[in-house]
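Read through the structures below before going on.
You will see chain A twice below: alongside chain B first, and alongside chain C after that.
This part shows the complex of A and B:
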């Protein structure tokens, strides 16, 4: 996302107050922080946060979204500003594309392919070579979104197994489980996926697209922003799987970073802080973009991908979902 | 899509800068507020000549008109461009349509402390009329115009949209 402002991550319980035309972050045992509202692109609240109407109206005027992660670390919801970026013409074009079975399956296909490509890229090229060819074949044969999701699930299962071979015993996934995550590894993945979802939502809200009209996931399914589910597919491996493997191999994740009960696990307070800091820094990492010929942060890649999809809907230029190119 | 009376200064500016930009702008692609240069331009606008009141002509909004009917426009760039001139010309055209005999446009460049004067002549009136027609023609086009050469896109807030692959 363009660099005119930045994301603020709230990791300790706090209250956001409005002081004239700027924000004050109040915390229990730390000094107040004053933030000019023009510097804020969006806020990710990873801990308990209080805010009131005065703040909301200021945030709305400056189009600042706030994303909330719940006590258990899953995505709890967002405070979204009014839909000032969407454009009728683009949304109509998007709906036409989504309504055309041929066009929407083509997009869904390329999303699944790009997602698997990225998983394979960050997990293991050799061990996943075979599952990836199988996936590509079944993508070719698929004619519906459900079939594509099934093929992706099969590929993902082999990927989770490969990941397990690279993790210490206590961090192994033993199959993906959600709501609640059953063990430490799953808790980590869920948490990072929640943040990625929130970041993609911010990105989509900056483009003229409608966040509910999707191509792979059912439109408006589960009262979620389905388009965001679509677009975050490609970015989850870049953040979740990659960071899990990296932090495990660097021995950064310790057992005390997780609270574990018999059949569920979540990040502890210290763990949460560590993970949020890591993700925040990771989103700021830059790579050279080939056609823009400048450095772009990972954060911005989400926005650029949503723009590419906008172009596909509005102008019919080919849409190539994000693939890790470096 | 838009009518003769909806054509404003921004449309004219984009017409001169890049027709593709105009086409996209008309279809609701508005990435400007994300661009640091645009924000800085707005800041220049907010802090320069604050004693004068802007004139709202509906679609067009011009910075101010002085006592002898010269239109004044404040520009944040340091280099005058044909688009700036066209914008001033369009404002004169709009004023004439509501019965104010604007004499011409004065463009202010606070960064370099220069001004440029463009009297509104017969010829300018014809050109202003042609510009409005050109905007309407771009609006009608079913397909988007091609991108400019890459170098022409430098600094444009639509670059991300046009050039991401």
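This part shows the complex of A and C:
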């Protein structure tokens, strides 16, 4: 991803205004902050945010996307700049690949496999060894996307159960629940997944790929970035499950970081700030990339994966979805 | 690269240069800015500042640090909070 610009995370209610061809963030409970537009790569708005036309045209000129998370922390939508890297050839190639049942199932297979591999790597290699072999067998037998998603669901369920054994009582998931998440653990996972999704969308927008043409998730659904769902699949374990287990074992997550009702939960204001800061730092962590032979931030891995998929569609280079290699 | 910019201009031109700097860098003190810039951004910044300045009277100092380096800073007094990306 282009360097020398950062992602900005808005964690308290604010208004973004344009001032002197640059941005100013106004908040009720804190002083105004000037942000240099050239320093902004994209913005993740985790709290209520107001903006107007003047800001939007400025953001568009500087190619800055804004992602919004709703009150409950699920992905609410994005303000996307007009496409810069349009390439009809790529989109046509992508559509051809997605339209070819053989090719698209092959990609979907590798995505499901890579996702499960990462889950197992993050959660527990030993306890998930058996479910993983079962999954690989059913992947081989599957001939459609629906079967693959089913197989993945079965594997995920055993993974959630293993995760529960490593969490304190109050954080346990008791099965994955969404919209709204039923308990604290689920609220955490939903939140991190929402942010990961937004980051992958930014990465996809840097490539000429069409975000609606997918290989694993339903392509026909309207108003959904299905491709982003596909690509974020491999990265969710790297962020959500891993951070949940780590923050729980380090006792960083406390009960006051969540607002809990009888049947739903969400992060509280302090919790949201803590989680956002943790994720921000996590995305900046670097690992040595084997083929590039240089250090690469987690953030850039998303972009590299989107690029690899582009290359697969255009040139037929085999696409190997991201697997945790360290 | 990390950049620290200090300017000393005629009071009448201060607001103008302040606005230009704000587009590229974080305001940390009355006439001090800092932040990350790419080579291209630095060049653009340089050009933008040049059009505002009276080169016979004003001066701007730009301290650059090699890639990856972030200068440590010690603070005294009522310092503005350091620029952050979590707001």
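Please note the rule applied: the second predicted complex is superposed on the first by the 323 of 326 C-alpha atoms of A that agree within 3 Å, B and C clash if a C-alpha of one lies under 4 Å from a C-alpha of the other, contacts with A are read in each partner's own complex, and residues count from 1 in each chain.
Just so it is clear, a contact is a pair of C-beta atoms (placed from the backbone, for glycine too) under 8 Å apart; a residue touches a chain by one contact, two chains touch by 3 or more.
Model, not experiment: these values are computed from the prediction.
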{"item": "Chain B versus chain C as contact partner of A:37, first or second or both or neither", "value": "second"}
{"item": "First, second, both or neither for A:147, with chain B first and chain C second", "value": "neither"}
{"item": "Touching partner for A:9 - first (chain B), second (chain C), both, neither", "value": "second"}
{"item": "Contacts of A:278 with chain B and chain C, given as first, second, both or neither", "value": "neither"}
{"item": "Touched partner set for A:264, first chain B, second chain C, both or neither", "value": "neither"}
{"item": "Partner chain(s) touched by A:20 [first = chain B, second = chain C, both, neither]", "value": "second"}
{"item": "Partner chain in contact with A:60 - chain B first, chain C second, else both or neither", "value": "neither"}
{"item": "Residues on chain A lying within both footprints (that of chain B and that of chain C)", "value": "3-4, 38"}
{"item": "Chain A to chain B touching residues, read off their complex", "value": "1-4, 38, 63, 85-90, 206, 208, 289-293, 303-305, 307-308, 310-311, 314-315, 320"}
{"item": "Complex contacts: residues of chain C adjacent to chain A", "value": "19, 22-27, 35-38, 41, 85-87"}
{"item": "Chain A contact footprint on chain B (complex, rising order)", "value": "27-31, 33-36, 39, 143-144, 150, 159-161, 163-165"}
{"item": "In the complex, chain A residues that touch chain C", "value": "3-12, 14, 20-22, 25, 27, 33-39, 273, 276-277, 280"}
